[in-house]
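By letter and in written order, the chains are A, B, C, D and E; residue numbering begins at 1 in each of them.
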Amino acid sequence: MSEPHQETPEELDRANARPVDEPAPTGGKLDEPNPSPVRGEEVLLEVDHVTLRFGGVVALNDVSFSLRKGEIFGLIGPNGAGKTTCFNAMTGVYRPTSGTIRFQGESVVGKKKHEITRGGIARTFQNVRLFPEMTALENVMVGADAHHKTSVISALFRLPRFWQEEKSGRARSLELLRFVGIAHRAGDVSRNLSYGEQRRLEIARALATNPTLLCLDEPAAGFNPAEKEELLQLIRKIRDTGVTVLLIEHDMRLVMGVTDRIVVLEFGKKIAEGTPAEVRDNPAVVAAYLGVPTDAA
Amino acid sequence: MDFSGLIDNFGPLTVTGLAQGAIIALFALGYTLVYGVLRLINFAHSEVFLMGTYACLIVWGFFGLDQNSAAPSVGGMLLYLVIGLVVAIIASGVTALAVEVVAYRPLRRRNAPPLAFLITAIGASLFISELTGVLTHRNQRGVPPIIQAKPLFTIGDTTVTNLQLLIIVLALVMMFVLDRFINGSRLGRGIRAVSQNPDSAALMGVNKSRVIALVFLLGGLMAGIAAVMYDLKIGVTRYDAGFLLGIDAFAAAVLGGIGNLRGALLGGLLLGVLQNYAAGLFGSQWLHAASFVLLVVILLFRPTGLLGESLGRARA
Amino acid sequence: MSEKASFRSNGGVRGWYGRQPAWVQWIVIAIALVLAFLLPYAGDIPLIGPQIVTEGIDWPSALFNMSYYVLLALGLNVVVGYAGLLDLGYVGFFAVGAYGTALLTSPDSVLYADTGWKWLMAVPVALALTMVAGLILGWPTLRLRGDYLAIVTLGFAEIIRIFATSTTTLRGDRGFASIPHPPGTWNGEPIFGVTDAVPYFWLGLVVIILVILGVRNLDRSRVGRSWLAIREDEEAAEIMGVRTIKYKLWAFAIGAFIGGLGGVLFAGEQGFINSQTFVLQFSILVLAGVVMGGSGNMAGAILGGALISYIPDRLRGISLGDTDLYEYRFALFGLVIIIIMVLRPQGLIPSRRRAMELKDREKEVAPQ
Amino acid sequence: NSGSSSDDTASEGNCGYKLAFFGALTGSAANLGVNIEQGFELAIDQYNKAKGSTCIEVAKFDSQGEASVAPGVARSLVADKKILGIVGPPFSGESEAADPIFESAGIPTITPSATRVSLASKGWKVFHRAVANDDAQGPAAAAYIKDNLKAQKVFVADDQSAYGAGLADVVKSTLGSLVVQSDKTEGDGKQADFSALVQKVSSSGATALFYGGYYTNAGIIRKQLTAAGWKGTLVGGDGMKDPGLSKASGVAAAVGTIVTCPCSPPEAAGGTFVNDYKAKWNQDAGTYSDVAFDAANIFLQGIDAGNNTPQKLNDYLKTVNYKGIANTYKFTETGELDPSLIKVWAFKFDNSGDSKADVEIKTS
Amino acid sequence: MLLEIDNVTLAYGRIQALHGISLTVGEGEVVALIGANGAGKSTTMRAISGLRPVSQGTIKFDGQDITKLRADLRVIRGVSQSPEGRGIFPGMTVRENLEMGAYTRRNRTEINEDLQRAFTLFPRLKEREKQTGGTLSGGEQQMLAVGRALMSRPKLLLLDEPSMGLAPMLIQQIFDIIVEINQQGTTVLLVEQNAQQALSRAHRAYVLETGRIVKEGTGRELLNDPAVKDAYLGVA
C-alpha cells in the first residue's frame, strides 16, 4: 500500500516562506541537447536537471524528463521517492533548488500558483482537497473561473460578461460532472460525497481549468478493482480530448495498462525511463520498487 | 520626539517596564495555555484576571485593610500577601472553570465552529465585567499598602524596589514551575498530548475534558497571581481593568507565538519594556500604539510570532 | 404527502419561500420593503407597537442607529462570513468614513478653507479613503492566519483610535462639529433636519438595500465562489487558479467601503464626531452581532446587527421591581449572547451551508 | 395626545410641567452625571414640597455621556412637550451633538459643567452655562501654582480629553518657563500603568504636577507618584474635585492635592444644601451638585413667574439675576456667565478624604 | 468473547460509513479485517476505541457494554489502538511518546520493564530515544505507534495498517511481532491492506465492503477464496 505523504501545514508554511516570486534562475540550458530526445513529437513539459532540497533531505536529485503532447505519462517509485514533490515543483507549490521546468517552452519556476494553472497545468491532490462546504457544481465552477474574466465590477453590476460567463461556466461544469459520472450529485455539498466521488470531482474540477496537462496524484487510491477499471477508461477518455496526462500511481495494473511511457524515481533520482514493458523488466526497478512478491520473502 | 526623555530615564523605564511586562506575561499565559490546547482565544480570560484583582481586595477588606490603612509589619505583609495570592488564585481559577463549563463545554458537546466559541467568550466577558461595573457603580477600588515600595538596590542611577523585584522574580519562578509541570509531569504530558493530537491522546487514555479543565485552571492560577501583582503595582482596580490589560496580554501571547509558554514570557517582557520606551520617547499617549506597531512589524516578518506556536513544542 | 415530507426536510419560512413562484417572492419582498419603510410608525400599532418601540431614546433615532449597525454588520459579514478573515478592528473603517467626511466638511477641519464641502460631495472621497484604508490593512496581513489576523486588525483599529485621539489634525476628543447634513428640501424645509430622524432612517434603509443588492450580486458570482474557496482551502484555491491575494484584498476593500458608508451616514446625522465613539468594544460588538445572527448569511448579519443596537436601547426604561434594567443592559446582553450561541451555535439565521455543516458536526462528537 | 392636553392642565398655577435632566446616568461617566442629577432633583423636590403637590415633574434622560448616543435621546426629550427647560448636558462632547436639537426645538438649557469655550460661539439661543469656561479656570490654576505653591519647576500633563488638554494648554502657556516638561496620557479607563509618566515627573525635579483630566486617572497617578517617592503637589481642575480621587489613591497620598473650581464652596453659601443633599441621597454632594441645584432653581423661579412655555422661559433667562448657593447667576448674550461673577476657588484634599475650600484665587 | 460488535452503524455527517456490521473477537485470537480503501475498516477501529460515536448497535468488551464509554476509559479497560496515520505526538521524544502509551498506569517499575520490552522489539527506537517524533522517518513512526500501543498492556490491541510505509523486510518483521505479542497473551484485531500477509497470520478474518461485512472465515479459507483472491490479492 501507499504511504500517503500528507502535506502538513508546517510543511506548507515552510514552502510558502520561500519567496516564490523571485525571478527565476535561467539555467541557460536551452541550447543544450535535450536529455530525453523526443522523436519529432512536440514537447509539452520539460523537467530539466531539477534538484529540490528540504534542509538536509534531497527530495529530488537532478531529475530530468520530458512529456510529449497527447501522451499518458506515468511517474512511479517507492514511498518518499519524490513523486509528489515533483508535482509540487511543477505547480508552483515548491520552488526547485536548482534546475528548470519548462511548460510549452516557458519556465514555470517562480510563477504564481494561479498563473501556472491558468497557463495550462492542472492537478489533483494525493489527499483529496476539495472545498468541503461547497457543492460539487460550485467546486467545478471555481475551476472554470480560472479562465473567466468577470471582474468585481461586472459581477457587481451584472454586466453582460457576467451573464455570459456564468452561463457558459455552469454549462461546462455540468458537462464535466457528467463526463466523470457524478452529474447526479451536482447540488450536494462535496464533503458528503463518497471517497470515490470526491476523487472524480477533483478530476472534474481540474479539467474545468481547461488544462493542457493534467496531473493526477494517486487517483486510484480508494478505488476497488472495478472502479479502477472505470478510472482507466476515464483517463483514456481525457487523453482523447487532447489533454496530456501525468499520472502518479502505485497500482501497477493501472499504470501498466494505461500509460504510454513511465519514469521511475527512487530517493529523488531517476532510475529508469521507458515504455511500461521496458520498465517492468528493468532489474533496477524490480529491485527498488516492484520487488519480489511479498509472500515469497 | 524626546530622545533625552528616553535616554535620561533609560534604566528606570527598563525596570518598571520589566515589572509591568512580568504581569502581562503571567496574564498572557492563560491565553497561550488555552489556545495551545483548544485553538481558541479565550476572550473571557480578561475577566478571570479581573476577578482576581477584586478577590484579594475583598479578603484584605475582611482584615480591615483598605487603601487608607497603614502599611503592615513584615510578618503581616507576608501573611496578607500569601492570603491574597491564595484567594485571588482561587477566585480566578473558579472563574476560569465557570467560563469553561458555562460558555465552552456546551459548544464543545455540539462540535460548534470556532467562531461560536469566540463569541460566547465575548458574551461571558461582557457579562462579568459589566456586572462588576454595575455592582461597584463603576467606581475604582483602592488597594491597601500591603507592600510599601522601598528601594532595594541601585545599579547606576536605577533603583530597583522590593515590589518590582518581587513581581519579576515571581513571574520567572511561576514560568519555570509551569514549564516544569507541562514538560515534566504526567498531567503536563497529558496536556501536551492533547495539544499535539487530541485523538491520539484519547487513545492513550488521556481524559480530554479533564485536561481542558486543568488548562483553564492553570491559566486562572497564573492570572490570579498576575492580578495580585497588578493590584500592588497599579494601586487601583476597576471593572474594566481586565479588558485594558487583557489586550496587552493577548498581544504579548501572539507576539511570542500564541501557544508557546516561553513566548508568552518573552512577549510580555518585551511589550512592557517597549511601552515604557515609547512613552519616554513619544509621550505616554503613544504607549499602546507603539506596542501594536511592534506587533504588526514582527508578525510581518514572523507570521507565527517570535518563538513560533504550539504548546507541545514548547521544548524545542 | 410528499409535499409535506419535503416541507419538513426543508422546513421553516425559508423552505416555504424557496418553493414559491417568482411573482410570489417578489410580492413578499415588496411587502417586506414597505413594512421596513413604515417601521418609524410602529408605535402606532395598537397593543404590539408599544412593546416594540424604545423608551428614553427616540424611536426613529433608534432605528437610524440600527441602520448603521446593520451596515457595519453587512460589511463585516463580507470580511468574516464570506472570506473567512477574522477582523476584530472593523470599527476602524467606520472611523475612517466618519473622519473623512468631517475633514472635508467641518469648519473645525484644517482643510476647511480649501474644501468646506457639502456632505454629498465629501461622500465619494471619504468612501475612497476607506477603501484605501482597507487595502492598507489588508496588504500586510495577507500572510497571517486566523488568530494572528485578529490581533493585528484589533491593533490597527486601536492605532487609528489613538491616532485620532492624539493628533491635532484629527482633533481628538475636541472633535469636529457642524458637519453638514445630507442635502434636499421639502416644502422649503430641509429634509434632513435635526429633530426628525425618520429621513435619516429612510436614507439608511435605501443604502442598506443597495448594499444588499451589491453584496448579493458579488456573492452569487465568481467573486463569492472565490471567497468561499479561499475560506475552505486557500492553497487548493490558488492551485485551482483563484487569485487569492486579489480576492482577499477585495474582501477587505468592500468590507471597508460598507463600513465607511456607515461612518459617512453617522457623521451626516450626528453633525459632530470625536474620538470617543470609535472604541474597540464597538468592533467586538459588531462581530458578535454578525456571528450571532449567522455569519456568512446576509439575513443573519442584518438581524444580528439590528439586535446589537436594539437590545440595549430597548432595555431602557424597563424595570424589574425597583431596579431599572437599563443599567444592567450590557451584562444582560452578554448573557443573551451566551444563551443564543449555546442554543444556536450556527447563529440565528445561518446560511444553509453552515446549518448543514453544524448538523453534521454534531453527529461526530465522540462519546463524552 | 400629550401635547394637546398639556395646555389645559398647565394653565392653573403654572403646574403640570416638567424640567428635564439630560446627561449620563449609566456608563463609565455616570458619576458626574448622577451628582448633577441629584442636585437638580433635590431642587425640584424642595419646590414641590413647598407647593404641597407634584407641581413640576422630573424627567431624566440618560445620554451615557456619549456624543453618539446623545442625539437620539435628545430627540425623545424634545418630543415631550411638557418639558420647559433642561439642566445639562454635562459634557462638552454630548453638548455639541445634542444642543442643535434643543436649539431647534427652542428648549432652554443650562449646563452646570460643560466648559468647552466654543460652545458659546455657535449662536445657540438656548445655551446657558452656569459655570466659567475653561479659559477662566486655566489661568487661575496657573496663578495658584505660581503664587500660592511658589513652585519653580512644574510638570504639566493631561489626558487628551477636550477638557483636560484645553486646561493643560492654558496652564502651560500661562506658566511659561516654569514648565520643565510635559506629557500626555491616555484617557479615562484606557490606561492604568502610569509608570513612564511617574518616572518622568520624578526625574524632572518638578515640585508641582498639573494634570488636566478627571479624578479617576488622577487618583491612580497620585498613588503611583507617592509609591515612587515623589513628594510634590498634584494640581488639577474641577474634573478632579471628587472624593473618588482619595478613594483610589488612599487618603494619605491624596492629602494636599489641589483642585481648582470655577465655583464657590457650597458651605460658604450657608444654607442647608449640604445637609439636605446628604439627607436625601445618603451621600455627600459631589462636583457640580450645587450648580445643578442652582440651575434647577433658576428655572423654577422663572416658571413661578409665569413663564410657562420654553420660549418664555428662555427669554426669562436673558434677564435673570439669581443668587444661588454656589454663585450669583447672570448670563451674557451668548449664554456665558457674566464675567464679573466668575470666581475660581482652590480646594485642597485633607484628612477627610474630600477637598475643602482653600482660597479664592485672584487672577489679576 | 472478548469483543462483540453487534449491528453497528456509523456516519460521518451524511456519509454512512458502516451499515450495521457485526463481528466478534475471541480471547487470544488474531482476527484480520480486510477490504478496499474506504470500506470502513478504520471506521470500525475508531468505533471500537471510542473516537467516533456509533449511531446504532452495541459494542461489548469483556462482557460489558462500552458503546457509550469515553475513549480514555476504554483504554483503562484494556483496549489500545495504533491508529491509521500513526498519530505520533510530533513534539515529544520517542521515549515520551512511549511513556504516553503508559499514561493510565502508575507502577514505575512495570512501565520501565515495558519500555525495555518495546526497545527490544524495536531496537531502532532505542537508537532514536531522544529524537522528537515528528522528525522520525515514516517507518520509524510506525514502529513507535505499535510500540506505544503495547505500552498500556492492553487486553485487546487494535492495529490499523501496521505495515503501512514499512520496507519489505520490516513488513515481515512486524507480522512476526504480531504473532509474538499474540502468543504472549494479547488479543489482536488487525486491519491490513496487505491481505496476503494478514490472512496467513490470522486465526479468523472478515471482509468489509462499503461498510458491510460480506465474508468471514478462517484466514486460510479466505486466502483461497477466489473472489477474495481476485479483489484483494491480485498482482502487487
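Following the convention adopted for this analysis, contacts are C-beta pairs under 8 Å (C-beta built on N, C-alpha and C of every residue); 3 or more make two chains touch, one makes a residue touch a chain.
Treat the numbers as computed from the prediction; the structure is a model and nothing was measured.
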Set of chains whose contacts include both chain B and chain A: C, E
Chain E reached from chain B - shortest hop count over touching chains: 1
Chain pair with more C-beta contacts, C-E versus B-C: B-C
Chain whose Cα centroid lies at the greatest distance from that of chain B: A
Interchain centroid distance [CA atoms averaged], chain C/chain D, Å: 36
Inter-centroid spacing, chain E versus chain D (mean Cα positions, whole Å): 77
Whole-Å gap between the CA centroids of chain A and chain C: 43
Chain A, residues touching no fewer than two other chains: 191-192
Residues within chain C bordering two or more other chains: 143, 162, 165-166, 327, 354, 357, 360-361, 364-366, 368
Per-residue multi-chain contacts in chain D, two or more chains: 160, 184, 186
Residues of chain B that touch chain D when the two form their complex: 5, 8-9, 12-13, 16-17, 19-20, 67-68, 133, 137-142, 145, 149, 163, 233-236, 238, 240-241, 244-245, 275-276, 279-280, 283-285, 287-288
Chain D contact footprint on chain C (complex, rising order): 55-62, 64-65, 162, 165-166, 172-175, 177-178, 193-197, 266, 269-274, 276-277, 313, 316, 326-327, 329
Chain A-facing residues of chain C, complex: 143, 214, 217-218, 221-223, 225-226, 228-229, 232-233, 235-244, 250, 254, 353-354, 356-357, 360
Chain E-facing residues of chain B, complex: 186, 189-190, 192-193, 196-197, 199-208, 310, 312-316
Residues on chain A engaged by chain E in the complex (per definition of touch): 1, 3, 6, 79-80, 191-196, 221-225, 252-253, 290-291, 293-295, 297
